[in-house]
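Both complexes below contain chain A, partnered by chain B and then by chain C.
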Partner chain A sequence: MKTVFRGTQLYDGFKDSGVDISALADMPWPTFKSEEWKYTNLTGLGEQYFTPVSRFEGALPDRVKDLFMPGAVNFVFVNGLFLEHLSETGKIDPRWQVKTGLDAMGFAKSSVSDLAKNETPVFRALNEAFVKDAIFIGVPQGVKGCAPFHIIHLLDGAVGRQAIFPRTFLKIGRGAGAIFWETVASFDEGEYFHCPVVEGLIEEDASLEYIQAQGHSAQAFHIGSVRIRQERNSRLDSFVLTTGARIFRNNVNVVLEGEGAEARVNGLHALKGDRHADSHTCVDHAAPNTRSDQLYKCILQDKAHSVFNGKIFVRREAQLTNSYQLNKNLILSRECRVDTKPQLEINADDVKCTHGATIGQLNDEELFYLQTRGISKQEARQMLVRGFVDDVLNKIVNPDLRAVIGKMAAF
Partner chain B sequence: MTDMPQKTIPESSLTGEYKYGFSTDVDTDTLPKGLSEEVVRIISQKKGEPDFMLGWRLNAYQHWLRMAEPHWPNFSYEPIDYQDIRYYSAPKKRTDTPKSLDEVDQEVVKTFERLGIPLSEQKRLAGVAVDAVFDSVSVGTTHQKELEKMGIIFCPISEAVLKHPQLVQKYLGSVVSYNDNFFAALNSAVFTDGSFCYIPPGVRCPVELSTYFRINAKETGQFERTLLIADKGAYVSYLEGCTAPIRDENQLHAAVVELVALEGAEIKYSTVQNWYAGDKDGRGGIFNFVTKRGKCLGRNSKISWTQVEAGSAITWKYPSCLLIGDNSVGEFYSVALTNNHMKADTGTKMIHIGKNTRSTIVSKGISSDYSNNNYRGLVRIMPGAENARNFSQCDSMLIGNNCKANTFPSIEIKNNTATMEHEATTSRISAEQVFYLQSRGLTKEEAISLVINGFCKEVFKTLPLEFAVEAVKLLEMKLEGSVG
Partner chain C sequence: MLNIKDLYASVEGSQILKGLNLSVKAGEVHAIMGPNGSGKSTLSKIIAGHPQYTVDSGTVEYEAAGRVVNLCELEPEARAKEGVFLAFQYPVEIPGVPMSLFLRSAYNAVCRHHGVEEMDPLDFDQFLHEKMKVLEMDDKYIDRAVNVDFSGGEKKRNEILQMAVLNPRLAVLDETDSGLDIDSMKIVAGGVNKLRTKKNAMIVITHYQRLLNYIQPDVVHVLHAGRIIKSGGKELALEVEGKGYDWLIK
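On to the complex of A and B.
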């Protein structure tokens, strides 16, 4: 007997797409009883009606140009579909391999996809079934120092309730280096379901800086995954900013598969109103001598709800692992809610793993001190909040980008 | 219904591995294996319980039937056949209720003497009042008279049901209800004995109260229930110790402990758990699936849990505090040592409900050989808990490359005036420290024992003196031979 998709209509909108979704219906829909979804209620999403996007028909706001980063190669996707005429294809370094659409899909069965096994099967399957457009970026061996690559994902809720399933593949060849930025933006308060997957392979001695800025509409649903596989002596610097959504969930899965690999996984939740953001990170130390460092900061106001679940997994063979994780939460108003679960799973003995979590409000003494120096209370609050946020923003190397993200995260 | 005399394992064959592994030949009054409504009724009848207790047990049994056994801990175990357990086993008494220790089977008294528990009242110098529970029933409680003068009630819970039904009815199940969870429901239906303690208002209990649990009979489960009430302004320090004989099959121990602290009261509850943990290959041992919870009901009340978990094939328990009264305080200090194939999934829950509530969690996990040691905890700050404060620290130490140490802390904050800090570290026993001590003439084992004692010191110092000494010895004994 087939499991009935209880109390949800999400699949109704997918029925006419011509894609066989019978396998999906057999997958359990996550409830709060599952440890992975304990603090993020998906019942609301299950009751929504969305149709998978097929083509973009709306008028493009001119403001999209405002999102372009100077000095970077800017590519534009609207509702998950590539818009070539807006993208700066000419600026790409000729050595880079950039493919979109069906050409990019050829890379769909990459070794990185295995990392999805930690994720909830139903969203993985949805992305695989409905992905319409994809992008593949390959940086060949030894190529580094090129301009940052910037993908702009514009989400337009005005064209109707759409379900959007983008896919990005990154491959950084041996000894190569690349900077990769992704901006997700929505100009209106539309309702949409965004379920992207980003997969990256960092080969031996290569390095990747990956920065994501997620600015969704307050009515949006976002369930996304970032999967990175790292080879010997590779390095990852990642940062995810989110301002939340109605439901926002981001999984970051990093596996340190080669000896000497190093990962920095940072993030910031800047939440207002009744927005929600849930970040799940999993750093899997699968080889000896690997290092990881995580800093996630969350700042909340009004009725916002932040969830952080960070996992450090050390396999038996991963001796001499050095792993650090810190989650700090600053709550600015009464009705906020914070759930945090830093997790350590250690199967090797010669390791050093530390995690910490703090939750608190602005320090009265610090506020008072600033006031005695003639700074208004309002200003003093802003200074302290800024100080809290800067700590993690400063992990972003590029000053232009830091400024843009700082503005998005402003309180 | 009497069992054949059981085979005794000679103590000499144990070579210091588990020195409480002997079993005792005593005539027992035992129910046949299996669980049914009939069994619940018989247990209640044997205890001569009033109707409200029978009704409560039957309710629990009905609920238990509808509940599914939970399987969320970070390990798996062979399925438990609940029909293959004896739910009642008691040493036969010469009269129906032992009036004094002379009437208790001398073998039982000897057993407790071998365990170092002073059952006979002459050993008053020990300064501890003991309630000894042998398999399913309490066999003797010491110091009852002196305690009575102060109004303190300290007796087997089966006696309390008969003598103080109003207290039992008021508080039994008020912290852990009969339908709280699968094992608590099972316990509520079939619990046979345990300790009951009531400290009247303003009384500071002069001696440490203690319960010693012993599983002796084969194929039995031990389901005891402890209920401790500290009335306004009262103070009590309570100790609990446990051992069991070596047997190849797993035995289930599903106890419930309920603590109630009224306004200004303080309860200090210490456990040294040394149930038989199975042999080197992980055969046998006790499944220790226990529900322990305390309620800080009144203002300014305090509950402090200290546990040293060194035994059991599987330990699965979370002594918790419900901080309801304003300014109430919850504390949890734990050392969990696992070796061979032991599995432990333990930690605490601190639920902050009242204003200005504070909690402290200090957990030390040591895992060696092939063992699996997990800390799992929850700190929840409810919307009304203004200015709540929590500090948690969970450290794990690994000895050898086949063991696991995991930490799963959950933190849920619904009030912005809360302040909480959590930190956890996992590391190997420091080779440098061990080398230094060895260079000073200590053997490797002594050195490791010293380093581990230092690691656990924060917890040991919260134990009452006798227990602290015992705990240190216990760790030493457990670690013997496990360090390569």
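On to the complex of A and C.
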């Protein structure tokens, strides 16, 4: 007997797209019974009607220019489609390889895709079926010190109930270095479904600072994945800021495949109203002498809901692994909710792994200490909130990016 | 300057101070000694205004700008602005808040209260640099988060640095000597002595006479079971050091 899953009304809007969705319809729609979706309820998404984006019409708000970052190469995508006339193609370092559109799709079929095995199949399949535009960025061997590459993803809810499936692929060649960052912004409170995939390969001795700033509409649904594969002695510094959405879920999957690889996987949920954000991280230590550090901080007020699920795998061959993970939550109201679940799976015997999670309010002793120095209670509160946030923002290596993210995360 | 009259105070429902009287004049340094649990730290928390400590009866009169106020009626920050300072026995770590911001905010809050112009960050850095030199603190501390990853001795020095920045009229030093080696103690005591003037007063709470070799008190009190049972000159501290507290208690 074929099971009918709740929530698959979502596919109704996809029927006229010309894409065969019969395989999709057979995949299970995740419910709270699945461990992966215990705290993020997808029933609401399943009952929505969205149509896959096909083209962009209409005028862009001038405000998109405000998102440009001086000193960076700025590229603009609207509803997942590349807008060449707004993008600074002339500023790209001539040694870099940058491809968009169908050209990029060829490159984007990568060795990194198999990391998706930890993810929920239906969303991976949706992205694969409906991706309409993509970008590939290749930094050749030894090239470093170039301007940050900044992609602005503008989500225009005014167009009306769009489903958007972007794809980004980054390849950092041997010994190369790059700063790459993506800003997701919505100028209105529109409803849309955003389901992006980012894949990155960091080759031997290469380094990548990868930053996402996710600023969605309060009515948005976002289910995204970041997959990174790291070779020998490579280094990743990643940071994801989100201000949440109606449903926000981000998966960050990193595999440390070469000896000596290091990953820093950090993030911040800054949530107000009834916004929700769910970060699932998975760091897979697959080689000896690898190192990972994770700090995810979440600050909540009103009726916000934050979910963190952090997995660390240490494989049998990954001796001398160093792995550290911490999730800290600061709740500023009685009505907000936090679910946090750190997980360790260790199969090697000579490793150092620690993890932990804290949930707390502003600390009374800290407040008192500041007050005894003449600082008013209100100013002391602001200082502690700012301090809580800055503690994780300081993990962003590039100071210009840190300042921009700091503004977005203002609480 | 400070006049504590018949003070009864509690924390978490148990009464610790039971009829304490203490009078401190401008220019004086008072030492308060006493065994564990006698109420020394409770007294310091009451003066600073810790929300978990409650005054059951009695008053803590404090003379500021020519008028007398009951300290118990003021918020902790208002006390600080009137020149009351507590050097914590266990200084609090505040992750993410840099020392420079913390000290400047505190200094400027007091300036605003007194209608004095605030100091801009550059001038303040210079001002702070001078104060840190006295305490032999490295400039690198300015960029660190308040007390985070400070050693025990560094935390205590940081308390005296804050005292130097705020220049209080009444300073309470709560076991500032605990956890300090002899060299650090000399530096800390040197910093404290520099701040000693005819216009301000200090209450030095300590377990040991040792600190009082470096910060010479005018009056020494012995606190026991929530009240002062003996007061005297600095020789009282030596006597306590030699004979313990038992002879005073019975």
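The criterion applied here is as follows: the second predicted complex is superposed on the first by the 402 of 411 C-alpha atoms of A that agree within 3 Å, B and C clash if a C-alpha of one lies under 4 Å from a C-alpha of the other, contacts with A are read in each partner's own complex, and residues count from 1 in each chain.
Please note the rule applied: a contact is a pair of C-beta atoms (placed from the backbone, for glycine too) under 8 Å apart; a residue touches a chain by one contact, two chains touch by 3 or more.
Predicted, not measured: the structure shown is a model, and the values here were computed from it.
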Clash-or-fit label for the pair chain B, chain C on chain A: fit
Partner chain(s) touched by A:Leu384 [first = chain B, second = chain C, both, neither]: second
Touched partner set for A:Leu370, first chain B, second chain C, both or neither: second
Touched partner set for A:Val351, first chain B, second chain C, both or neither: first
Which of chain B and chain C A:Gln48 touches, first, second, both or neither: neither
Touching partner for A:Ser333 - first (chain B), second (chain C), both, neither: first
Per-residue contact with chain A, leading partner among chain C and chain B: B
Which superposed partner A:Ser217 touches (first chain B, second chain C, both, neither): neither
Chain A-centred angle between chain C and chain B, computed on Cα centres after superposition, in steps of 10 °: 70
Smallest distance from any CA atom of chain C to any CA atom of chain B, in Å, after fitting: 14
Residues of chain B defined as touching chain A within the complex: 72, 383, 396, 398-428
Complex contacts: residues of chain A adjacent to chain B: 35, 38-39, 316, 319, 329, 331-361
Chain A contact footprint on chain C (complex, rising order): 48-52, 75-77, 79-81, 85-86, 88, 91-92, 94-97, 101-102, 105-106, 109-110, 113, 145, 162, 166
For the chain A and chain C complex, residues of the former touching the latter: 364-366, 368-377, 379-380, 383-384, 386-391, 394
